[in-house]
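One chain, subunit A, links the two complexes that follow: it is found with subunit B in the first and with subunit C in the second.
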Partner chain A sequence: MLKISHLKAGYGDTAIIWDLSLEVNAGEIVALIGVNGAGKTTLLRTIMGLLAPWSGSITYRGRELTGLATDRIVGLGINMTPQGRRLFAGMSVEENLLMGAFLRRDGEIKADLERIYGLFPRLGERRRQTAGTLSGGEQQMCALGRSLMSRPALLLLDEMSLGLAPVVVEMLLDLVLQIREQGTTVLLVEQDVEEALLRADRGYVLEGGRISLSAPAGELLADRKLQEAYLGL
Partner chain B sequence: MHLWGQIIVNGILQGGVLGISALAFSLQWGVMDLINLAHGSFQILAAYLALTLLNSLGIDPFLSLPLIFLLFFAAGYLLQLWIINRVISANLFMTLLLTFGMDFVLANLMILLFSADYKSINTGYANASLHLAGIELPVVRLLALLFLIVLSVLLWLFLEYSRTGRAIRATAMERESARLMGIKIPAVYALTFGLGSGLAAVGGVFFGLSNTFSPAAGGPLTVGAFVVTILGGVGTSWGPLAGGLILGLLEAVGSVVFGPTYVNVITFGLLLLVLIIRPTGVLGRAAR
Partner chain C sequence: MSKRVNYALFAVVVLAALLLPLTSNDYLIQVATGIAMYAALASSWNLIGGLTGYPSFGNVAFFGLGAVLAAALSVNLHWPYIDAALAAVLGSGLFGLVLGLPLLRLRGHYFSIATLALAEATMAVVTNVNFLGGGQGFSLPLLGSGKIFYYLMLGIAVLAAAGTYLIINSHFGNILLAIKSDELAAQSVGVNTVLAKSTAFALSAVLGAMVGVVYALWQSYIDPPTVFDPGITVFMLVMTLMGGAGTVAGPVLGAVIIGVLTQLAMSFSKNASSLLLGLGIMAVVLFLPRGILGVHRPAKGGERRGARPLRG
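Moving on, here comes the complex of A and B:
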């Protein structure tokens, strides 16, 4: 579904990603692991067209994404829940969710809104509340809900668990399984490596701007070196 | 007693002209982080346009107002799309430099076209006044205040309830997220600058109807819009209205109490005071 080959990208004249290749197949949950500053967010932003790659290619369902504007990429069915939530702080919860459906013209937006409130009853209770006043966990739910409102075929999740209580993290990551069941493919960037790998099909390790390791999630969980580096075991 | 009533009314009415001007300035600043140094020259250009249309074709400024709005909207839209968008993602300094250059070009162009002499738009009603309980209410300024209120409400309704308005607000709050929603930022910017230019032009026509002006009058108008915007709070819907009324009132009262030469001292003193005790402006939102 998503195929990245020999990608190079960075900021200014500093390359962050060197010759990175990876693939995500339809229906998968793929975890992307890497230490702070490894370039995970940089990769996701490049996929979304927020950052122009220096070289290499990114194809989605056989179609080249590099050079496309972000709104075109979103229109193709890819969405990203950004690190740090990045909600529209001055808008209500409901307005935030509706912004997620900005490009949609179908008549099912209202129904999807209710579906999101079904997934996150807390958001339903706070639908008129200003997003900036939500708790961290609620904000993350709102950000995820906002992404889901675009009905993505491919969802990029960047550090959902950052700064959240373990119960909320569990709840959000379990929801990722449910999202996949409903037909959305997921590329999952997580600092909580163990929780991510427990739910992913496969995983990639990003190191020094390249993929240093790629394996089924179970194997990565059992990998001694990985355990030392990322799982603190 | 009547004297003070008159002074306060003058201040409030002056606030109308100030506020319309700030409506445009604040929108551009709030949405794009763009401080448009050519703002005042846009306004004076609109005043000259209204004057020319009146003198050569006999079209009343209030009839040409919608046309002038549309013309400035279109020009502003294209200017942003073709030129300003190219530098706006660079640092603030670049856009300041660009709009400063635009201001310079416009001001000199106006000297060439209209000479450096002071002009005024002489309509039959330019100096007309209503009288109420012994207080004089200049018609044009009264209308300016009315326009400010109506335009503020319309702009608020547009930003709050239309799809495009939501896109503009989203862009102002969180640019990268707005892009992730599928919003085309260059188009939002072009629309915002177009709207701002159109509103600035409306304010300019009102300024021209209630003051004498020359090509050099743009600078003070830009400064006025800047101060009103800070007073009311950058990018707030009602800030220009509040800021305009406050500044208009204080200038009117201050010039009587301290003398007209102190108006600028009052204006900038007020600006400093607000920046110190309430940097988000009177109606400013903390979350921005």
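Moving on, here comes the complex of A and C:
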């Protein structure tokens, strides 16, 4: 579904990603793990067209994405839940969710809104509340809900667990399984490596802007070196 | 305040402004013309600086370009002034749209400094092109009573305020609000932010140029240092911030307050008005960072009205 080959990207004169290749197949949950500064967020931003790659290619369903504007890429069915939530702080919860459906023109937006409130009853209770006043967990639910409102075929999740209580992290990641059941492919960027690998099909380890390891999630979980490096076991 | 109260207030203010020339002297009309002019200019600045969150320091470029283009077309090509004015407004809007594309890639201070340079560069070009009047400027025929210009400026100010109201309550207004609150998030939900920002900049340019073409005729003599004075941008900005950026009435309120205070200070000494402006800026920054109309609105929290679905 998504195929990245020999990608190089960065900011200004500084390359962050060097010769990166990876693949995500339809229906999968793929975890991308790596320490701070490994290039995870840079990769997601490059996929979304928020950052122009220096070289290499990104194809989605056989179509080249590099050079396309972000709104075109969103229109093709890819959506990112950005790191740090990045809600429209002055808008209400409901307005934020509706912004997620920005490019949609079908008549099922209201129905999807109710579906999101079914998924996150807390958001339903606070639908008129300003998004900036939500708790961290609620904000992350709202950000995820906003992404789902675009009905993405491929969802890129950037560090959902950041700053959240373990019980909320588990709840959100369990939801990712549910999202996949409903037909959305997921590329999961996580620092909570164990929780991510427990739910993913496959995993890539990103180190210094390159993929250093790629294996089924179960194998990565059992990998001794990885356990030492990321799981603190 | 409820919608009804706002509409009533708007009607009263416009009616009072319309009746003003009946009761007062020439001096008062001239001052009121200046205030209406700045209300329109501040409202035009508010579109890009307040609604979109891009603090432009170069909006005087559109005012000046409007004035100079209209004068050049009417004096050099002998166009009827109304045609020249229309062409000048459209030309300035196009100028804003095209230059907005590169300039609006910059953010924060970088955008401010680039727009400051844009205004200075525009003045430099105008000063060196004979068709645009060069350093000499233009003399335009004197036109009848000052009341005409008062009503023209007032008309543009009302148009600017009504336009701002319509934009704020429109789909486009929601897009600008999204860009202002988090541009990356706006891009991520599929907003074509480049197009939206450039459109806001172009609309700001159109309004600024409208004021410029009327100003040229009102003053009947214009030259580059006058119509490209960076101080004009500073006034637009300070008035908007003082009244309340991103609101409909804020720029108008700011223009009235600063306009009246400036006149009062002038009666003491010419320098007193600059002093007052400086103190005003400090007071706004320290005590009213959200402007006069912003004080009553909660910065965070509180309920918002029901949301509407958005479509791209």
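Structure notes:
In this text, the second predicted complex is superposed on the first by the 233 of 233 C-alpha atoms of A that agree within 3 Å, B and C clash if a C-alpha of one lies under 4 Å from a C-alpha of the other, contacts with A are read in each partner's own complex, and residues count from 1 in each chain.
By definition in this document, a residue touches a chain if its C-beta (ideal position, glycine included) is under 8 Å from a C-beta of that chain, and two chains touch if they have at least 3 such contacts.
As the structure is a prediction and not an experimental result, all values here were calculated from the model.
Once the complexes are laid over each other on subunit A, subunit B and subunit C cannot both fit and instead clash.
Contacts of A:102 after superposition: both subunit B and subunit C are touched.
In the superposition on chain A, A:21 contacts neither subunit B nor subunit C. Of the two partner chains, subunit B and subunit C are each touched by A:82. Judged by the touch definition given at the top, the superposed model places A:227 against neither subunit B nor subunit C.
In the superposed three-chain model, the partner touching more residues of subunit A is C, compared with the other of subunit B and subunit C. Applying the stated contact rule after C-alpha superposition, one finds that A:214 touches neither subunit B nor subunit C. Using the contact criterion defined above for the overlaid structures, shared-chain residue A:57 touches neither subunit B nor subunit C, since it reaches no partner. In the superposed pair of complexes, A:70 makes contact with subunit B and with subunit C alike.
When both complexes are aligned on chain A by C-alpha atoms, subunit A residues 48, 50, 69-71, 74-75, 79-80, 82, 86-91, 95, 98-100, 102-103, 130, 132, 146, 150 touch subunit B in the first and subunit C in the second.
Taken together, the subunit C residues at the contact with subunit A in this complex read 174, 177-178, 181-182, 184-192, 194, 300-304, 306-312. Subunit B contributes residues 163, 166-167, 169-170, 173-174, 176-184, 285, 287-288 to its touches with subunit A in the complex. Those residues of subunit A that touch subunit C in the shared complex are 48, 50, 69-71, 74-75, 79-80, 82, 86-92, 94-95, 98-105, 109-110, 128-130, 132-133, 146, 150. Within the complex formed with subunit B, the subunit A residues making contact are 48, 50, 69-71, 74-75, 79-80, 82, 86-91, 95, 98-100, 102-103, 130, 132, 146, 150.
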